[in-house]
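Note that chain A is present in both complexes that follow, paired respectively with chain B and with chain C.
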Partner chain A sequence: MSFLQLDDIVKEYPGTERPSVADFTLGIDQGEFVSLLGPSGCGKTTTLRMIAGLIEATSGRIHLDGKELTRTPVHQRGMGLVFQNYALFPHLNVARNVAFGLEMRRTSKAEARRRVEEALDLVRLGHLSGRRIKQLSGGQQQRVALARALVIEPSVLLLDEPLSNLDAKLRDTMREEIRSIQRKLGITTVFVTHDQDEALAVSDRIVVMSEGVIEQVGTPEQIYEHPANRFVANFIGRANLFDAEITHTANGVAELDVAGLGQLRAVDDHGAKGPATVLVRPHRMQLSKAAAGDAHGTVETVVYVGDSIEYGVRVGDATVSVQSVAGAAERLERGASVRLSWQAEDALVLT
Partner chain B sequence: MTSKLKGWPTRVVVTLLYLFLLAPILMVVVISFDTQSTMSFPPQGFTFQWYERLAQNAEFIQGFQVSAVVGAGVALLALLIGVPVAVALTRHDFRFREAMSGFFLSPLMVPAIVLGLALLLVLAPLKITGTYGGLIVAHLAITVPYVVRTTSMSLMTMNRSCEEAARTLGASPWRTFTRVTLPLIAPGVLAGGVIAFLISFDEAVISLFVVGPQATTLPVEIFHYVESRTDPQIAALSVVLIAISVLFMVIIERAAGLKKVLR
Partner chain C sequence: MSAKTRSARLTVLGLTVPGLLGLAVSFVLPLAWLLRMSFNRGDSTGLIEETFTLDSYAQFVGDSYYWDMAWETTLLGLGVTVLTIVVSYPIALFLVRTESRFKGILVALAVAPLLTSSVVRTYGWLVLLGNQGVVNQALMGAGLVDQPLALINNRLGVYIALVEIMMPYMILCLLAGFGRFNPELEHAARSLGANRWRTFWRIVWPLSMPGVLTGALLVFVLTISSFVTPRLVGGGKVFYLATEIYDQATATLNWPFAAAIAFILLALFAVVIVIYQRALRRIEAQ
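Right, the complex of A and B next:
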């Protein structure tokens, strides 16, 4: 059993068609940073709130460090939760906000003062301890919320889309900061986000969710390079998905007959024959000029984005995205007839 | 400049409208200083004699005391009943919640005279008409809805995740309420209390049914007084009451902002 173990967690609301979360089973190791990633409504926040105890699971069990806490009330779980809107107490100043959890634990005044100071130093806000919450910027409020959750030395740190209210630049800095604090304290962390870049950048493991169920669990590399299905492939990064027919498989490489593109090869871990879907990332596609009779399609859009050029290529009634490094190859114009292909190791057969 | 000029007609209209609304009150103020012994306009002179007589009028002073005590009791009890009801109605989901919500607002929809009669019929067999207790119970019927209203409004508009945050930080439900919820809804609660006091202090119709010789409120005393006398003493008393009302409104405004509370 893992440090934080969720078994067959189900959350159903009466009068809804499908459960918000269904058969959610996941083990999280001590010190691990796990992201719950998915579009809105996928059940990631519901799952987080069930871990925190703010929502009661319809069925299933939660264990922390070997002890069952499925029915433990919120205030006895000892978990730190950082809310999307920070949820700081507007009637208390920064130091009193951070001290709240310690007061509830009846920590002695002297120790509380020391720990509040430490926590505020950790998030680099020591100089603002006397400020009112209204006087803080969004980023500063975020840090106070983090300090308030960390000061109680929680067994698990839960982060509910903590960066989504910050502007883009601050988001990246805060993301790094949260990760480095997490490493420093070695605290087990569950991070909820809908932003795949965020999840890829900070996580030890990512749990991709959709419509209440887990689609895939894996390291960022596994999720990106070996998505388990079409949903994950589409949700993480950009993806071209081709319909193909597997004609032959040997040594983990499949010979394919790809609709509109002809004979190609792809990595195949399944070894099944017949119809399949092939995933190729836009930057792994190869594009070359061709004579009209020999072409697979025509260039429909050309977008120059600085370090690369993004082409939209019309093949039959589908559009294929191709990203090529600017300057490395001849730049193609709109309307150009082109051939598309890929290296076998850059393509993956999905189930 | 042009926008200021354009604003002139509006300003004139608004000023006239307010004068129209406030004129009777201004009349009362003017008359309270008049030397004539019946209330009439225009005034003939200036005197403080009505205020001096007012200060010696035992019935009014007695009535004022009764109203103040009843008002304070009503405000306190209305909060003790109304705040938990508001919490239940906004924070918990249970069967008949909508019905409960309707029930707690219903006294406002019944004409006061009907309510007064109904309360008399209920309170008389209990033998508490004409007592402080009877008056307080009667006034609670019409003040609790206001407290429920203002408190619910505050509860609905406050950031609920603050409560959740307190819970995750180790606060029991009760401590979450006292340490986080109550401070955050305090303006609405205070406003509800002040409104309850003012309504009780001002209430005449229902009180007429349930007052007695031991406990008669000021509005009822005033009512009886004007039945037989018409001297400006009553105008002087009105000015005192207006001053008290204004004072309370200023308190609400300072604490919460009137607009926020009466929305």
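Right, the complex of A and C next:
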């Protein structure tokens, strides 16, 4: 059993036809940074709140450090929560906000003062401890919320889209900061986000969810390079998915007959014959000019984005995205007839 | 001054002058006239002598009967205010917290009593609380009492009726005053180790203070100036400043004395408003 263990968690809100979270089983190790990633409404917040105890699970069990938590009320769980809108107490100043959790624990005044100071220094806000909340910027409020959650030395830190109210630049800085604080304290963390870049950048492991169920759990690399299914492939990064027929498999490589592209090869862990879906990331596609009779398709769109050029190529009635490094190859014009292909190791057969 | 700002000023002037004039005619002038009246000499024959004397004020101050009345009036104001807060607060909190799709309807229902005049609602309470009323019938029917309880023609009835009549005002003020509150703050407090009780006193209650104060001011002022309910439910047996003003003006015909009491009541308002402003400034400075 892991440090934080969720078993068969189900949440059905009254009056909804399907459960918002179903059969959620996940083990999280001590000190691990795990992201819950998925589109809006997939049940990330619901899951996080069940861990926190703010929402009661319809069924299932939660264990923390071997002890059953399912019936423990919120205020006795000792978890640190950071909310999307920060939920800072507007009638208390920065220091009093951070001190709140310690006051509830009846920590002595002197110790509380010391720990509040430490926590504020940790998030680099030591100089603002006397400020009122409404005199802070969004990023500063975010840090106060983090300090307030960390000062109680929680067993688990739970963050619900903590960065979504910040502008893009600040978001990147803050996520690095959260990650480095998390590493420094070695605190077990569950981080909810719908931003795949965020999840890829900070997580030890990512849990991809859709419609209340787990689609895949894995390291960022596993999730990106070996998506378990079409949903994950589409959701993480950009993806071209091709319908193909597997004619032969040997040594983990499948010979394929790809609709519109002919004979190609791809990595295949399944070894089954018959119809399949093949994933190729746009930057792994190869594009070359061809004579009209010999072509797979025509270039429909050309977008120059600085580092690279993004082509949309029409093949039959589908559009294939191709990303090529600008300057490395001859630039193709709209309407050009092209051939498409890939290296066997750059393509993956999905179930 | 550019033409633009001049025309803007003219617009402001044009918009405010009618209101100010209306206020002057309907409020300031009568009040001035009333103040002047309170310095005249009156007697119980209804004669009013144009003069400038403090007799009416002296009569009030010199008589412990009126001191008691002022005290009872203050007590009524405070009592009704506190009781109204106690019964309205849970309702307002529920309405703020609820995620029901009937929230709008529930809020409307809570303040719907404002749609009927307080005179009608007072008669309603007479029917409910009288010796033959629903409450006494029920109590006797259940065998809890042998004799009907005296629920009207006394102070108890006045308190009961006024608290109910004031509730919609209080609920409205509380709802408006909950502006900085959001249920997520309770969740945050709970996650930081506060039980429900401490979450309420440390987070919910302080954040509702603006609404509580405004509601308290409004209810206090409405209560001590209310006349119909104390008069009808009190059955002419209990006396407050507002009922006394009415009696002096219409029964005794001592207008100067009625005017003097009115100004003493006004002074009470002024004291309360000062207290309110002080309190408001204190919670805002937090």
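Here is the rule we use: the second predicted complex is superposed on the first by the 351 of 351 C-alpha atoms of A that agree within 3 Å, B and C clash if a C-alpha of one lies under 4 Å from a C-alpha of the other, contacts with A are read in each partner's own complex, and residues count from 1 in each chain.
Quick note on the criterion: contacts are C-beta pairs under 8 Å (C-beta built on N, C-alpha and C of every residue); 3 or more make two chains touch, one makes a residue touch a chain.
The structure presented is a predicted model; accordingly, all values stated were derived computationally and were not measured.
Colleague: Mind checking the superposed model to see whether chain B and chain C fit together on chain A or clash?
Modeller: clash
Colleague: A:His75 contacts which: chain B (first), chain C (second), both, neither?
Modeller: both
Colleague: One more residue to check, A:His296. First (chain B), second (chain C), both or neither?
Modeller: Touch partners of A:His296: none, neither chain B nor chain C.
Colleague: Contacts for A:Pro90 in the overlay, against chain B (first) and chain C (second): which applies, first, second, both or neither?
Modeller: In the superposition, A:Pro90 contacts both chain B and chain C.
Colleague: After superposition on the shared chain, which partner residues are touched by A:Ile152: those of chain B (first), chain C (second), both, or neither?
Modeller: both
Colleague: Taking the superposition as given, does A:Arg105 touch the first partner, chain B, the second, chain C, both, or neither?
Modeller: The answer is both, since A:Arg105 touches chain B and chain C.
Colleague: Where on chain A do chain B and chain C both make contact?
Modeller: Looking at chain A, the two contact sets intersect at 52-54, 74-81, 83, 85, 87-91, 100-101, 104-105, 148-149, 152.
Colleague: Which part of chain A faces chain C closely enough to touch in the complex?
Modeller: Within the complex, chain A contacts chain C at residues 52-54, 73-81, 83, 85, 87-92, 100-101, 104-105, 148-149, 152.
Colleague: Taking the touch rule as given, give the residues of chain C at its contact with chain A in the complex, in rising order.
Modeller: 180, 182, 184-185, 187-195, 198, 202-203, 206-207, 283, 286
Colleague: Help me check something: in the complex, which residues belonging to chain B touch chain A?
Modeller: 159, 161-162, 164-173, 175-176, 179-180, 183-184
Colleague: Could you list, by residue number, the parts of chain A that touch chain B in their complex?
Modeller: By the definition above, chain A touches chain B via 52-54, 74-81, 83, 85, 87-91, 100-101, 104-105, 148-149, 152.
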